[in-house]
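Residue numbering begins at 1 within each chain, and the chains themselves are lettered A, B, C and D in the order written.
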Amino acid sequence: MSALPFSKISASLNVLLAAIGLLTVAALTTPDIAGQTRLVLEGLLASVWAAYVLQLIETLFMQRSREARGRALETTVDVLAVLVPVIALLFVRGRDQSLYCAIWLLKPLRGSTFFQLLGRVLTKEARNLIGVTSIFGIVLFGAALAAYIIERDVQPDKFGSIPLAMWWAVVTLSTTGYGDEIPQSFAGRVLAGLVMMSGIGIFALWAGILATGFYEEVRRQDFVRNWQLVAAVPLFEKLGSTALIEIVRALRPRVVPAGAIICRKGETGDQMFFIAEGRVSVATPNPVELGPGSFFGEMALISGEPRSATVSAATEVSLLSLYSSDFQMLSSSSPEIADIIRKTALERRGATPKA
Amino acid sequence: MSALPFSKISASLNVLLAAIGLLTVAALTTPDIAGQTRLVLEGLLASVWAAYVLQLIETLFMQRSREARGRALETTVDVLAVLVPVIALLFVRGRDQSLYCAIWLLKPLRGSTFFQLLGRVLTKEARNLIGVTSIFGIVLFGAALAAYIIERDVQPDKFGSIPLAMWWAVVTLSTTGYGDEIPQSFAGRVLAGLVMMSGIGIFALWAGILATGFYEEVRRQDFVRNWQLVAAVPLFEKLGSTALIEIVRALRPRVVPAGAIICRKGETGDQMFFIAEGRVSVATPNPVELGPGSFFGEMALISGEPRSATVSAATEVSLLSLYSSDFQMLSSSSPEIADIIRKTALERRGATPKA
Amino acid sequence: MSALPFSKISASLNVLLAAIGLLTVAALTTPDIAGQTRLVLEGLLASVWAAYVLQLIETLFMQRSREARGRALETTVDVLAVLVPVIALLFVRGRDQSLYCAIWLLKPLRGSTFFQLLGRVLTKEARNLIGVTSIFGIVLFGAALAAYIIERDVQPDKFGSIPLAMWWAVVTLSTTGYGDEIPQSFAGRVLAGLVMMSGIGIFALWAGILATGFYEEVRRQDFVRNWQLVAAVPLFEKLGSTALIEIVRALRPRVVPAGAIICRKGETGDQMFFIAEGRVSVATPNPVELGPGSFFGEMALISGEPRSATVSAATEVSLLSLYSSDFQMLSSSSPEIADIIRKTALERRGATPKA
Amino acid sequence: MSALPFSKISASLNVLLAAIGLLTVAALTTPDIAGQTRLVLEGLLASVWAAYVLQLIETLFMQRSREARGRALETTVDVLAVLVPVIALLFVRGRDQSLYCAIWLLKPLRGSTFFQLLGRVLTKEARNLIGVTSIFGIVLFGAALAAYIIERDVQPDKFGSIPLAMWWAVVTLSTTGYGDEIPQSFAGRVLAGLVMMSGIGIFALWAGILATGFYEEVRRQDFVRNWQLVAAVPLFEKLGSTALIEIVRALRPRVVPAGAIICRKGETGDQMFFIAEGRVSVATPNPVELGPGSFFGEMALISGEPRSATVSAATEVSLLSLYSSDFQMLSSSSPEIADIIRKTALERRGATPKA
């Protein structure tokens, strides 16, 4: 995986590349760009394409791994991103050639966890979303019909047919309000007011459904992930199931890349850390390494003293932070765990200074 | 129920028919449609009407069933959908004849569970919604009054009376902003800024009330439905009430029509399935049928191997999915259930390959 | 309390009166209203005022009751509603006389539980709302400053000073978009895009804070009210505290005025009722009255038969509804309560037919 | 801390100073301000600057305290607020001098707990917010591309390049709707309708993520703070952990400054108070002081009588309010605590009248 330098194209680099490519496409359509500037932009487009060729090769090599299914979508996106511009170059004539690079809009979908999450929410809430959309449709048609009947004689050029009135209705119902079609009669204005209010209501329903669907899904994912991380810390095995759920909610997971500094000597700290995966190294006179299940930084919570040593990640490390205030809550609900943490702190202080 | 082919007009077909009918009505109002096109469109309208006649007959036949009450609304809608266009054809003259087909806007209400849900939410939150609406009214009138006083001398044609100022106020309060009436004085603009902010605030209240009302109702319905499905799986009888609530929240219900494939041999899987109602058939060399209370697909969660057989629905089947991550949570909170699942997996592997 | 007929002016009548009064005020400001119409409108205004005088007298009589504090606000509103128009009539000249009736905007505040709720939410969330409002201010000023710098030379008449630019900023940040001031330069348009996105973000924060504040307060009030009602039903005394909380969440409270019919013989029913306060009468051959702590309508849930008798409210009655699906949940979590309900149903069927 | 009078510049005074300064900056840019008025405004600007110099000195003195880290940001803001205007005065010529005071926009960030909260929410939800923002980007580019293709021949001056079309897209997607660029073709209007609906959907996602992130963080902070306050009241030590969580949720924290009156003799009361920190004095004939862990105001809940004495804060005091309705809930779930409260009420009534 580390053989090809390109394998590290993470989601963010991916987004950046697509953004550069698409902005170049946009710039190329402006009429006043010509000559040298045009050449530079086309060169840029070619570079992005080249990067995508490299990425495609990388993806094809990776595909032998067992997660073949997830890769299928990625490979399709990668192949399209490389092929479509080539086909356009060969078969399309004129200024529209570069527009086909818009296929790169698909690139950010690749490897994004957010779109999976969104997909799950939309699937789960599909029934309700369709319901609200059909209300939107009913109100839209109803409003257009009413506006047509009310305004067709006053402004025949703007409300002279239902499709024309529908344009007004959608602009008003979404509270966009271009202002190109405005009812003039009294009845038309009362109708417009009602349509605006309905628009806000429908919008609110939409927002409510998406918001709560999202919330439930995210909370569920967080809970499951924290649960798995907490299960990797032996100290928490002694907790009863209610306390365990409390601690799962209180801990904040955090992934730190290898080499990064987690806390610095002399800083004041308001959290302690549990190691779920990976190893950290403590920069004491005799450097120490701590592995999964260990914790550090507890002194800051108990005595309020500044960190006594700098701790950095020896490998990529998965940490669970416990904030000062949550530690106090843990202390009162599970005194035995707080005792273990306090005892360890005392031992460490006697032996070798710790963060 | 399977005697008449029309009995299967589901909600979605219903929506489609109404959409076709209403779009045709809309098209018929555009002035440039004439001659042949007009005839085609009128034919389309007649076809939709004919479909509705069939549906009405179907509904009348069905009505003998005991759910007479729920049917009353359906029958009314169906009768109106057929009668109103006929009456319009007989008694109305000129271009407005087809407009009466707008009665078909009521059709999607028929048999939709979403509108029932929405009705319940609106009933429950009525008091708060009325409260916010009256705040809307108060702010609207107050803003119109203030704008009238401030701007009546500057722009008498636009703010010369409270009703005129009210039009500005509703356009601004809903943040639609047509731009046909804009305060010009300094005080008027400060007022406009405040009105916009109030508009956002009122909108937020509305959204909040609808969103939370919706959330509560949906969560309640989901919980109750899952509870009933879980109660149909004997394996879960051994769970204590706290664990039962956890599992009710973790399982995802899913209805699969007869004949559909649930999982395919060779795919990687991230979920296992419990059967709440109906039967599935497992396409092993000696095909097996599994009934309510059984589970399948557990191998994918335990060993991570691809599905060992294709499973399809023998009848319409009600499934509960358990995702990989939730399975691990279940394993740590209810080890005995996880053991039963693992044992079954081993037995099945020894005997006949399973999905 | 029943001495004066006016004591029954409920919140909704209150709102209606205020609406009539204020719409009349609005109508009186339109220039084309004169002569007879004007007289009629002024008569209407006088009638509303007279109704408010009666209400004031009523309020002053009622004030001797012990809830003196809550009445203080009501009395102030009532006195102002009567006095301000009179003062305006005596001391103000010309067309603005009737505008002072706008004081009636305060009337709906009187006796509304919604405004108390809103007040509590705003107080509780004050710190966060002020925080978001100050972000709004910071972004508003920052956007105006940037637009001023970018556009002042391009459109000096529209962006020539920060106050002018601020008008653009508030119209854009609230996504109202009148369209009277639009940035023309490329930088100005990028800025506008960012301002629109910030506007949506700030709006979302506002909505989020209000929505969640509202949700928490409403849920708390509902829970407390249901808890008190459930405590009045002896049957639920046997429930453990977890089951009690479940049932408190499942039951739906409902107040029925004296004489109203609660369920009708022959209807199918999907809920049973517990009486928390008041009495109902069951229209069996030998009519029966049931008092607090009793339940009825359980047959519909157990056997699915239509209601066997019409039940109406003998006094104003406070009911708790239990829906069919929740009954099944209760049955599995608290079998003993379900048993009692079933036994009662059997006894009643043996003795006298019940709803 | 009480040595320098300026140490009490609280967050609100801070916001007020910044508002005055910035509004003065805004006023100075209007062309019609000259002569005397200009001098007055510049004097105002100088005064705000002087206040900030004092605040900077104060901050530097305070910095010796141990919370050095939190102070670092404050000091930077304070130094910039003083230095930037001076540098502008020395090196910038002309009308733009005063614009540099816009650095004061940073001032409200200083010492605000809301911005810390917001920062935490944004950090936690970063991944989802980036996801929605990239959807926004994708839809924006896609809409602009489609509008460009559809409308470029109809309105080449408005949709003649993708950047131009993008301006339309962002104005429409955010439902701002300036109305300067409006699609004219049928296809363009259908596209516009879809873009508006997408805009509402994206907005809803944004609102949902921010709202729920906010809700979770606020609820967590509230819970932790209440937990610590409840832990300071010995009476609650007897509660089991479930009841403790209930009471933590029911109590409302409130900080009262020294000298303020908490409840007044003769008022009716709907809450009682527990003292978490500080002392109150009860104005009975023989004035009494109550300290942490005590409670008062219970008589109002038990007998419904008006407050029997005025209670005021002797020091700054941290109170927990228990509302009447929550007290009844506490009574039924933890009768022993309710008993203690009732007994104390009786003893106090026997001895010395209490609030």
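Note that in this section a contact is a pair of C-beta atoms (placed from the backbone, for glycine too) under 8 Å apart; a residue touches a chain by one contact, two chains touch by 3 or more.
Note that this is a predicted model, so its numbers are computed, not measured.
Counting every residue number used by either copy at the subunit A-subunit B contact, under half are found in both chains. One rotation lays the C-alpha atoms of subunit A on subunit D, and its angle is 90 degrees to the nearest 5.
If you match contact pairs by residue number, over half of those in C-D turn up again in just one of A-D, A-C or B-D, and that pair is A-D.
Rounded to whole angstrom units, the spacing between the C-alpha centres of subunit B and subunit C is 26.
With centres taken as mean Cα positions, subunit C sits 36 Å from subunit A. Touching two or more other chains at once are residues 163, 175-179, 203, 207, 211-212 of subunit B.
Contacts from subunit B toward subunit A in the complex involve residues 15, 19, 22, 25-27, 29-31, 99, 102, 105, 108, 112-115, 117-118, 136, 163, 167, 170-171, 174-180, 203, 206-207, 210-215, 218-219, 242, 252, 267-268, 325-326, 328-329, 332-333. Note for the complex: subunit A touches subunit C at residues 175-179, 207. Remark: subunit A residues 66-69, 124, 127-128, 130-132, 134-135, 137-138, 141-142, 144-145, 148-149, 160-164, 166, 172, 175-179, 182, 186, 189, 192-193, 196-197, 199-201, 203-205, 207-209, 211-212, 216, 221, 224-225, 227-228, 231, 241 touch subunit B in the complex.
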